[in-house]
Each structure stands twice: as C-alpha cells, then as structure tokens.
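Take this structure first; my questions come after.
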Amino acid sequence: MKIALMNEFSQASKNGVILQQLETVAGELGHNVFNVGMSDDNDHRLTYIHLGIIASLLLNSKAVDFVVSGCGTGQGALMSLNAYPGVVCGYCIDPADAFLFAQINNGNALAIPFAKGFGWGAELNIRYMFEKAFTGEKGQGYPPERKQSQVQNAGILNSIKEAICKNYLDALQAVDQELVKTAVTGERFQSCFFENSQDQQLTDYVRSVLAA
Amino acid sequence: MKIALMNEFSQASKNGVILQQLETVAGELGHNVFNVGMSDDNDHRLTYIHLGIIASLLLNSKAVDFVVSGCGTGQGALMSLNAYPGVVCGYCIDPADAFLFAQINNGNALAIPFAKGFGWGAELNIRYMFEKAFTGEKGQGYPPERKQSQVQNAGILNSIKEAICKNYLDALQAVDQELVKTAVTGERFQSCFFENSQDQQLTDYVRSVLAA
Amino acid sequence: MKIALMNEFSQASKNGVILQQLETVAGELGHNVFNVGMSDDNDHRLTYIHLGIIASLLLNSKAVDFVVSGCGTGQGALMSLNAYPGVVCGYCIDPADAFLFAQINNGNALAIPFAKGFGWGAELNIRYMFEKAFTGEKGQGYPPERKQSQVQNAGILNSIKEAICKNYLDALQAVDQELVKTAVTGERFQSCFFENSQDQQLTDYVRSVLAA
Amino acid sequence: MKIALMNEFSQASKNGVILQQLETVAGELGHNVFNVGMSDDNDHRLTYIHLGIIASLLLNSKAVDFVVSGCGTGQGALMSLNAYPGVVCGYCIDPADAFLFAQINNGNALAIPFAKGFGWGAELNIRYMFEKAFTGEKGQGYPPERKQSQVQNAGILNSIKEAICKNYLDALQAVDQELVKTAVTGERFQSCFFENSQDQQLTDYVRSVLAA
C-alpha cells in the first residue's frame, strides 16, 4: 500500500516525529510512505485547504492508496478532505478509532489532531493508531454481525458523494486555481504524484496548473 | 437558535437520554430543540445516509441553525453530513472539542459517537459538550491570535464546497430519490421542516418527493 | 472551601496557566485557592514525592479542604498522595471524571496529567474539570440508586487506610526527614499551612522539622 | 509472568470479555493469567475493598507478578489497591497510559474503568492496553533521558509506603477480619494464592482467616 502523509503550517514542526512513527509502522508492514506536505515550519506553506486538494488528487489518480492528514484539532483537515469525491476521511484520536474506521467505514484517509491533546505520549498514541489502521483486512464490519449493513452504507455514501459533487476534474477546475497551484507546488508532492498517478487527465491538469 | 437532534437506527434507543441532555442545556440558553430523527428502536428507520439528507435540508433551508447528529462511532454521520454544501460538521468527543470547533471552524453541525466510548458518564459528557457548543460567541479563533487565518480558512472551505458540489437542489435531485423519500418521511422531521423552512424551492421539492 | 494547587518540577512551567483556570473557577464559586507547589522552573524543587507529603499535611491538619495535584502523567502524584491516611485522591482526565469522583468516591484530592495529552485546549479541559469538581453537592452517588453502597464503600476505604497506616504523625516521622524538610520549605506552602492548620501537633512537628 | 485479573460486583458481567482479551494478549507473550475475582453477576460478591485485599496478598506473597483490576470508574479499585504496601497501581484508560506507567512508574498493578467510557470498541481498547502493558522491558523511563530521576522517585515512593504503613501482615490483621475473610473466600483466588504464594507467613494467615 502507498501511504501519503501531509502536514499543514500550524503543526508543520511535528512532521518529523509523525513521519518517523508512520515509517516505522508502515515499514514493518511493507507499505511505502510519501511525505507530501510540509516538513517543517520553513517549508512551502500549506493550509488544510491545500491538504484537501492534494489528498483528493493523490487518491483520485490512484497515486496513493491512503492519506494521513491532520491539523491543530484535525477538524479542518477532516472537512477539507471529505469535501471531495473519492475521499473517505475518518477522524481518529485513539487506536480503537483507527480499527473501527477501517472495519466499519473502510475509508482511505484519516484526519488526526496534531495539537489538541498532543502532549507526552502523543507519538506513542500515533504509532498505535497507525498499527491498528494498517494491519489486517479492512471492511469486515464491527460488530461483525453488522458487516452487511455497514458495507452497504459505505457504498451508498460513495454514490451519494458522486451524485452531489461535480465530476472530480470539473470540480477541481471550479476551485480557485491559485489555491490549486499553491497546493501542487511542493516538490515532494509532485514527485509522488507524477511518478504514481494512474490518471493521465489529472496528470495533464496538474501540469497545466503548474505551467499557468 | 433552533437546534435539530437526529439519531439513526443503530443508536436509536439512546435518543431519549441525548434529547433530555440537549433540552436541558438548550432550554437554559433559550434555544429550541427539534427531535427530527429516530426516537426509539421502533421508529421510522433511518441510517446515517438519511441523516445527511435531512441535516442538509434543514440547514440549507434555514429551518434550523444547528444540527446534532451521530451514529455508533459518529464517523458515518460525520462524513454523510459533510458531503453536502452548506453543512460544516465537526467531530466531537469531549467538551473542549465542542468549544474549539465553535471558535476555530464555526460550523453548523456536530457528529458524536453514541456507542464508541459510551458507557457510565456518557450522558454527563454529552451535556458538558452541549454546554460548551452552545454558550458564548462563536468564530473567535483559538488561540485568539490565530482568529484571522482561521476565519479566512473557514470561509475558503465554504467556497471550495460550493465549487466542488453541484447547486444544492440539483445535487439532491441527483441522489437516489428513494433515499430522499425515506429520509423525509418522519413526522417530526416534516413538522420541523415545513414550519421553519425559509426556502420555498426546497419546501416544494420535499413536498414533490413525498407526493411521488 | 480552601483548595491547594501543587505542581512538581517536571511541569512547573505550567503552574501559571493551571492556577489561572483554578482561580477563575474557584473564584466564581467562592472558594479560596492556595498555590503551594512550584510556580515555575526556577522555584524550590519538588517532586511528586514531596507533593504527597505536603498534600497529606494540608489535608490532615484541615489547613485546606481539597488538593489539586499532578505531574507528567499524573500517576506519580496519584500514588504518592494516596499513600497517606486522610488523603483520598482520584485521577482525572475529563470533566465527567471530576463529577463521578465527587459523587461516587467523595475524595479530597485530584491528580491530573499535566504533560500526557496536554496540548491545544488543555487549559479548557482543566477549567471544565474544575467546574465539575467544585460545583454541587458531593457524595450523591452515581448512578443515584447506588449511592448507599458507594457511600458505604468510601467509608470502609477510609477505615482500611486507618488500619493499614501508622498514626499519621508517626508515619510522617518514619519517612526520611530530609524529604519532609524539602517538602515543607516552600514559602507559599508554609504560609498556607501555618495560617490555616487546625492541628497544633502537626504545626509543631513541621516547625521542628524546619528548625532541625 | 503471572498476571491476576480481578473484577468486582458492579462490572462482574464484563469479566468474560476482559478475561478473553487478557488471555489472548498474555498467551501470545507467554504469560499466565489467573482469574481471581468475580466471573459473573452470580459469583461470590466482592467490592473494590476486597480487590485491594486480594491484590495485596497476591503481590506481597509473590503468588503473582502483576494485577489487573478495575471497577465502574476504576477509581475505587485504584485507591483500594494503592492503600497497601507492596502494591504500585496505575490508572489506565488508553494504550499510551499502559506504556508510560510501565516505563515511568514500573508498577505492578493497573486499575481500569470498566463502565465509564466502556462502549463500542472497549474490548479493543483493553486489548491494546494489555499489549502495551505487557510487552518490552519496563522501567526504561519516558522520555528516556529522564530515566534516572524516574527510577529514583519510584524507589523513594516504595520506601515511603514502607515507612507510612505498618508491616504488611500487621496491617492486614488490623483490617476488619470479616472483610478479609470475604475477600479470600473465592475458590479461584484460593487456588491461585495457595499454589503460588512464596510467603509461608501469609499463607498461614490466610488459612487461619478461613478457619476462623
């Protein structure tokens, strides 16, 4: 599995510790990690608005399979990512959340609070969440006897988002293109996206935004 | 302020205790509560999919000002509500979440886990969350010196959702109309919506769905 | 009610923000606050071991009615305070804990984690805990129908501690007197203790330790 | 390692699910589990007062190396166990607590809330706590650079409890012997204690209590 980590400006200084935990857990499980947001306070500035754009690009182009995002409380990243079709982002503060979200909702993104409640032991909690988020088969339901209705509702949610949203590329083009340009300017994002995108239309679109 | 509470089938049996806490807190603050989802296990069956539909109808028609929703983990309701334009739904497990979401994100809905972590003292925690969600002026930022960028980002998120989504009524009409019909069939929902909707187009649309 | 706040060295820098929250809540409720531990990193150095000594002195002499303590995780303060007869210290991470402990256990001290989980919003959480810890009548049971057995068990616990421990003054004299001396050296502790102690024997003992 | 699990009356019905998680985790790590408290609502009735007695007997006789206890909020068990010399009991609500307590405080018992916050996913959270409580070397400090002062304070706490408490056997004999008799009457407790106690004096004492 390919996993993208993305931090925005308010908690950019924590990218190092989060990346370390993610790489440790993902490495043991054979997953690849791409650090596509800010790596420290001096990096190219992104807000949770930009995280939504790059998360949706990476997931809709199948450049990555999963996104780990967050902000101060996690709520901005959560809403920003969930605004897009093709992104199913849960909110996660403890390891059981990570497991339940994987089993019940079977989503492809997590938003985590990186300032609220983030004190001693926070890096432990993050590692434990990653352990439970990325281990085992997803979509098995919880409790297991509710699997059928949970899988069904997850499918309906996806189709609802398809109905509500414009076609993804049309949607993206309706967004302020300055926001998109800022979002896709980061070198590590570009490297991850251009090397792994499986959608030529999206690749072309991002190139055109960068060229504009 | 008009506040709608909505429970789905998996935690319908908890509607009584949640409603009691909400009415206690809202009553003291002069807010009105509308109990528009399931009131017990035998009520008209709604899933978190339906909660998204009725929440978006109530908020976009300005029938209510705020929605309290949830499900087993709260994540389904969270994603379902956030799928719609005009709905800004936070995830809330403790009173500080409620306060921070009100100050930073200034949203109009909360999704709460009504099974995960819901044991002794859960009704206290819910009451305390309501106290902090509904007291004081919203949108003041946290920490206060970040108010300007937080207000700005909240505004950008709204415009992004406008750009990504179809016009709300068009979006709703693109959704499986059987889902919409089930969502709007409840008597208490209809009473709240028809008596308070300030959008004639939406009112007409709901009437047409019910007549179909 | 007289409430003593005490911080140890590892989180001394947070004393200001904690004291501010406690004074705000206690002030509105008509309680008096005494800041008897470290006020910053450069203050007379205390560990959670010393907090147990000064908490037990203040409570057993009736100099104060309640103690708020803590350390990095809160566990050291918790165990140190509970080691003494006359001290009934709960562990508290959210407002419902504070309420439940007051109703079920009716104790006279709280230990709070001041580093673990202490990030954005921590000062809010602390304020909300104080609100619930210091409002309303204590010892009413939770759920209320269990009051009788809960009150009974709280009483038995006190008598068990009396049976297990030596007489308090004897116990204190059996402790390494250098630890006691360090514990009672702080100016603000002494001011609180000597002005409010209602136990002449304990007052004399502390004076003798300081004179040694 | 030998690990004793003990539940009291208010949450006895949860013993099955807790035992299952503990046995799963402990089994994988090569530890042995003894279920010495109530196994269901109809079992020999124990309160958190009795849990303190049997925990202290098992730990002081070296019949077991670690005790997992709890009650509705966990606070009663916490204070009851910590009342005794030779027992160092932490409070644990998430996996990071379990790890931090093992590293910083290096105790021999945990108290867990089995009703407060105990809803969907509670058995997952308990399993994850056990995973972190029983894996790896304890007492390594957290953060590691604070190991020395943390180990030192843990040692001082033990010597303080020795100083404050009577000799353990004297202490136990000063407690209401009816409480002790009720505490030691359970068949599974007796089996664990008599087969594993390494302290003949304590063994003889318990036999005498049972014979009285």
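Observations on the structure shown:
Each chain carries a letter (A, B, C and D) given by its place in the written order, and its residues are counted from 1.
The rule we apply is simple: contacts are C-beta pairs under 8 Å (C-beta built on N, C-alpha and C of every residue); 3 or more make two chains touch, one makes a residue touch a chain.
As the structure is a prediction and not an experimental result, all values here were calculated from the model.
Of the chain pairs A-D, A-B or B-D, the one whose interface repeats that of A-C, sharing more than half of its contact pairs by residue number, is B-D.
A straight line joining the Cα centres of subunit C and subunit D is 24 Å long.
Separating the centre of subunit B from that of subunit C, both taken as means of CA atoms, is a distance of 41 Å. Inter-chain spacing, taken between the CA centroids of subunit B and subunit D, is 44 Å.
Shown for subunit C are the residues that touch two or more other chains, namely 72-73, 96-97, 100, 116, 120-122.
Chain contacts here are complete: no pair of chains fails to touch. Listed in rising order, the residues of subunit C touching subunit D in the complex are 10, 47-49, 52, 72-76, 78-80, 82-85, 88-91, 93, 96-97, 100-101, 104-105, 107, 116, 146, 149, 153, 156-157, 159-161, 163-166, 171-172, 174-176, 179. Interface of subunit D with subunit A (complex): residues 94-97, 99-100, 120-121, 124-125, 128, 132, 142-143.
Within the complex formed with subunit B, the residues of subunit D that make contact are 72-73, 113, 115-122.
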